[in-house]
Amino acid sequence: MKIQILTTGGTIDKFYFDRKDTFQVGEPQIGQLLREANVTVEYEIRALLHKDSLELTDEDRELIVAAVRDTPCERFLITHGTDTMLQTAATLQQRISGKVMVLTGAMQPAISRTSDAFFNIGFAFCAVQQLPPGAYVAMNGRIFTPGAARKNVEMGRFEPT
Amino acid sequence: MKIQILTTGGTIDKFYFDRKDTFQVGEPQIGQLLREANVTVEYEIRALLHKDSLELTDEDRELIVAAVRDTPCERFLITHGTDTMLQTAATLQQRISGKVMVLTGAMQPAISRTSDAFFNIGFAFCAVQQLPPGAYVAMNGRIFTPGAARKNVEMGRFEPT
Amino acid sequence: MKIQILTTGGTIDKFYFDRKDTFQVGEPQIGQLLREANVTVEYEIRALLHKDSLELTDEDRELIVAAVRDTPCERFLITHGTDTMLQTAATLQQRISGKVMVLTGAMQPAISRTSDAFFNIGFAFCAVQQLPPGAYVAMNGRIFTPGAARKNVEMGRFEPT
Amino acid sequence: MKIQILTTGGTIDKFYFDRKDTFQVGEPQIGQLLREANVTVEYEIRALLHKDSLELTDEDRELIVAAVRDTPCERFLITHGTDTMLQTAATLQQRISGKVMVLTGAMQPAISRTSDAFFNIGFAFCAVQQLPPGAYVAMNGRIFTPGAARKNVEMGRFEPT
């Protein structure tokens, strides 16, 4: 079994950039996380986009669809900002069949002393191996299907609708 | 769905105790980890044992078997030291049927700046929701069944036999 | 000996706020840092401002001057954003005599897994006990006097002029 | 000004070694800490010993004395286990004159998510630049002279006698 990882940006990869006094989307953190976990399942990481998910355009989503469609692999773990994660999952659900696509991300950057990034990556790394074909959002210790979930911005979590 | 968490000790819960210049098994870290991940699935944590897994006795394993058997829940996530994790999984496999039992732990304490604890807990938290009844070891990004794995001490990881 | 700590904001106290997808200045981190260091010198923390130092106004600086002048204490450790730290130090130098005033901060938030915050607070905590009256900036392992230093934004550090 | 750093081991450099289920003294952490703090004062690190300070022998202390005496530098920062830090400081006080020697260490390993190591290194890095010649212990936010301090093992801190 091989897992293709696609990174698109989002909070999970944000870091504080002193020169501009702002948080920016940086390099994918997932490689570092998987090395620390000493993961022995075969995987490959491809950095597709470096964007806050509110800034993802239709073209960006086409790029994600194309990357999944054109990569000869059955299982995809996609890191993504949380604000439009469900929208991208819905697009993938509509456009791709026969592949397992699990989207995850974080509410706090992976570089923070306390972050949900490590837990979420671990959770999604299991989900992508166990679930049947389809597109899923794996957040807050749950598997959501795109049409049956929403992000509760107040509470900072995903919930079933 | 409800997840019953049993903690038995192991490296995941070790901390450095200056008074004795040694690492000791402390309170379960998993509660803190699940709060940081803002997990919304219902779970309950029961601290069963506080031992390095090399020190677990037959009585200790009976205690774990009894805790699983006598708790009216179908899904158990058990944190455990890595050295005899497979042995406890084998005992549970033999003695309990009809329940999902996922054992996990860590090679580095959860209190370390870099640790596999968060990833492993996330991974196991998904596994316990997805797998069919049986006993499993969830380590290094893989699901192992007790009879088909070994701990490679040199490499610090679990491998298929 | 007693040390009066004044916090004014800056990167050291920034955290990532998911609801607004931005970094904000939060509560002072220095109390947590001093507890982790198990410091036994008497100190008191007063949260004066919560601002990025680029946003500090003349009124804000008057507030800092007044807080130092009106507190019956000889030694002040002031946490401050780095962009105008030298300017505030110069103001304090001009306006206050007979007191030790050490300004410090961080290039990375204290909540990051790697940050200069802990080192800088430790360094400044020593400086405020050892230096003669005057205003100083304690950054990058050095003591600077306000007229003889500049922030090198490119390199992310303070340098002698 | 140049600072010569000598490392001798102790809790600050301990890490958890899964293969032996124990904490061991590892490579000096201070280099990593000083890089994270982006320190611009010139310094050099020499790893002299890798021991828990309870295991330091008279020969080991002679080695430390010789390293200080024979290095043409005036300022020494020495990382050391806390249990016999005062004893080594007393030996240096007796045997060396005309040099500033500041000993520090940590109650929790530098690799822990919460540790006094960073604060203590920052504090000592200032102390070694500011203090007059002599041997000192810099712990818990204070400067101690060897004859006037003790380690309170119960409370996990240094105190004046």
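So that you can tell them apart, the chains are marked A, B, C and D in the order they are listed, and the count of residues begins at 1 in each.
Note that in this section a contact is a pair of C-beta atoms (placed from the backbone, for glycine too) under 8 Å apart; a residue touches a chain by one contact, two chains touch by 3 or more.
This is a predicted model, so every value here is computed, not measured.
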Centroid comparison with chain A (C-alpha atoms), farthest chain: D
When contact pairs are matched by residue number, over half of those of C-D recur among B-D, A-B or A-C in A-B
Indicate the whole-number Å distance between the mean C-alpha point of chain B and the mean C-alpha point of chain C. 44
Whole-Å distance, C-alpha centre of chain A to that of chain B, is 26
Cα-centroid distance, chain A relative to chain C, in whole angstrom: 38
Two or more partner chains touched - positions in chain A: 107, 113-114, 156
Interchain pairs in contact, sorted by label: A-B, A-C, B-D, C-D
Once bound in the complex, which stretches of chain C touch chain A? 11, 14, 16, 18-19, 21-23, 52, 54, 82-83, 107-109, 111-114, 153-154, 156
The residues of chain A that touch chain B in their complex are 33-34, 36-41, 107, 114-116, 118-127, 129-131, 138, 140-143, 156-159
